[in-house]
Amino acid sequence: MATVPLLSDEQAPKESRAVFDAIREARGTDYINNFWRALAHDPALLSATWGRLQQVMAPGALDPLVKELVYLAVSTANGCAYCVHSHTAAARAKGMTDQQHAELLAVIAMASQTNALATALGVPVDGRFQAEAG
Amino acid sequence: MATVPLLSDEQAPKESRAVFDAIREARGTDYINNFWRALAHDPALLSATWGRLQQVMAPGALDPLVKELVYLAVSTANGCAYCVHSHTAAARAKGMTDQQHAELLAVIAMASQTNALATALGVPVDGRFQAEAG
Amino acid sequence: MATVPLLSDEQAPKESRAVFDAIREARGTDYINNFWRALAHDPALLSATWGRLQQVMAPGALDPLVKELVYLAVSTANGCAYCVHSHTAAARAKGMTDQQHAELLAVIAMASQTNALATALGVPVDGRFQAEAG
Amino acid sequence: MATVPLLSDEQAPKESRAVFDAIREARGTDYINNFWRALAHDPALLSATWGRLQQVMAPGALDPLVKELVYLAVSTANGCAYCVHSHTAAARAKGMTDQQHAELLAVIAMASQTNALATALGVPVDGRFQAEAG
Amino acid sequence: MATVPLLSDEQAPKESRAVFDAIREARGTDYINNFWRALAHDPALLSATWGRLQQVMAPGALDPLVKELVYLAVSTANGCAYCVHSHTAAARAKGMTDQQHAELLAVIAMASQTNALATALGVPVDGRFQAEAG
Amino acid sequence: MATVPLLSDEQAPKESRAVFDAIREARGTDYINNFWRALAHDPALLSATWGRLQQVMAPGALDPLVKELVYLAVSTANGCAYCVHSHTAAARAKGMTDQQHAELLAVIAMASQTNALATALGVPVDGRFQAEAG
């Protein structure tokens, strides 16, 4: 289905295999999902993407599950079927319950409809929602 | 700027004024933001939208701030400038800190780029990310 | 393919089965399409979505076929493959002819290209297209 | 605001002025809206766009108002503020009533939310929604 | 999978077969890809789309490969899986190397993330980025 | 207009001022545009974004102007008004001529319409457009 071959460990360039190893270690699983195998043609892009992902999704002021829910919401709004599937799985792996999933879907649906209404109505931003000059 | 006039309390139909009152009570403020004043032309749509919003955003398995962050993320991905402004304000009102805002932005940016990469690569969904038949 | 199992009648919660029955009665068919079977995990969301759909798509100032064409146009612009398929079928069931389908496609294509041009050119909204203050 | 200057009649290339004249005649007004003035830098693109628009929006199996509603719906889903404003005005000029506008908004909002739900759930297309081989 | 049958040469209307012939001649191959077979139900739309495509993609101030890369980038951002696949193939046929493909992906990913950031931050356009009045 | 204050040099954190300095040096101008001033609240995100941008947009197998055209095309499809303006300016600074700009717009418009058509028709990807297994 892909626009590039998904590279096996044997086919991937050496620098990409090193990223595969880092993914395996970080996740505690031998499985490398298709996204990384497709990116493996370009070790620089693979490495930059994986490296940045680790930084961004690390625990911080937001906990990892909340970050994952946000990721899933953005992926849905962007219509990325692959990402919707992979991040639903990731959210479950981080503890998302069925009830949380259901509430997430309801919020996404709600936002989608009010986004459309605000756009169709051309509603101007209220002055109080705008930041003061710095 | 809008495609319909924003209705003042005096101009709004009686049923829409009743929704304005409900908004004021729920939020503990006299201010009605532009979105609701634009929707007020159609009391049925105004009432359905406000009513559903109250249900969806109520505390549940996800807390209200997390729901607000998801709302803001979806609004960003959908490119709704009005919603981005109103829900950034709403998230702050529910306690979003500057650090949480910064991390939210980083996750949204990360998801946006991997969404694009997965789409451009046409990556097929891994079998393990698909739900078993019911 | 889905991120949740599609629930059969036997697997669905009792409240969801009641919505299935309502769908069957409204449509005069025993068939429940996959969208509703996926939503059935959350009876509240299933019920709210089906209920609202019935209200919104009922005959009014716009006839049901026109509403269905608009639904299909939005689904296309949002890139929802499932919805494009289900609402093309629904539009045909409501009487859409091949010629109407062809003209609909032409309008969607036309709008898509001028949307892109207006955005790329950053065209400011003409004063006369903006509503007077309420 | 634009990324190119909006060209007055005097500034526009001769071939673009000819398209301006055609617009004036078709619409029975002297006013040329900003979109065409921005496109006027490239007479070939201006001419192709205006010419195709006339063909696509002409009366056919769908009447001009229905086509305009579809255009407005697509413009909303694509988040084109300029197009939302210009096509709301165009729909009113073609007879759209306030009630029709309200119902259009409700359908757009409904589609937007089920589009998001179907995408988030990764719902597979039902076999019966797919066309038979030709 | 399609919402209309893909028409074979035998099934296509005569005017559509003429466009098929033009496609074959222009491309130097007997193969007609699915997009054109789906459009063939409406000879007018098929002919207008193919004709315009030939004009737009012809060598000009931008060379055909650059145009193809832009086409692929837009198709990615619009989430059109079919177009992503067909235009990746077209770009390769026009000489896109693996290294160019990799750099294209990196630019698309970069733009996607800064687009999201600029939208989430509601950044106002700098005066110097706006065109002078015409 | 922004959702955060745009930070002046005096208001920006020290680490963000260092990025401002790097931007000034790379561009040979004292002017810092609004995007970076909005990002300056989070030195880590500012630094990561600027750093990655420099890598991605550097000359390579694609020249910087081509990369800029792709960036502008993606920004248009994503509906980011800020990015459309800033990258149109950037493309001009890198040598984009009016004729190249006009052709770019035509390609973006063409892609947008065929993207919509392929989605509305649900066209299945031709086998020959799919990469062989790795």
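Each chain gets a letter, A, B, C, D, E and F, in the order it is written, and its residues are counted from 1.
Just so it is clear, a contact is a pair of C-beta atoms (placed from the backbone, for glycine too) under 8 Å apart; a residue touches a chain by one contact, two chains touch by 3 or more.
Since the structure is predicted, the reported quantities are computational estimates derived from the model, not experimental observations.
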Chain hops separating chain E from chain C, counting only touching neighbours: 1
Chains touching both chain D and chain F: A, B, C, E
Winner on C-beta contact pairs when A-D is weighed against B-F: A-D
Chain at maximum distance from chain F, centres defined as averaged CA atoms: C
Separation of mean Cα positions, chain C and chain A [Å, integer]: 26
Centroid distance [mean C-alpha coordinates] between chain F and chain E, Å: 20
Chain C and chain F: spacing of chain centres that average the CA atoms, whole Å: 33
Residue numbers of chain D (touch at least two other chains): 1-4, 6, 45, 49, 52, 74, 76-81, 84-85, 88, 102, 104-106, 108-117, 119-122, 125, 129-130
Interface residues, chain D side, partner chain A - complex: 72, 76-77, 79, 81, 84-85, 88, 104-105, 108-117, 119-122
Parts of chain B lying in touch with chain F, wherever the complex brings them together: 79, 84-85, 88, 98, 101-102, 105-106, 109, 116, 122
Residue numbers on chain A that touch chain E, as the complex places them: 3-4, 41-42, 44-45, 49, 74, 78-80, 125, 130
Chain B - residues contacting chain C, complex: 1-8, 11, 37, 48, 52, 55, 125, 129-134
Touch list for chain B against partner chain A, complex: 1-4, 6, 31, 33-35, 38-39, 45, 49, 52-53, 56-57, 60-62, 66-67, 69-71, 73-78, 80-83, 85-89, 97, 99-100, 102-104, 106-126, 128-130
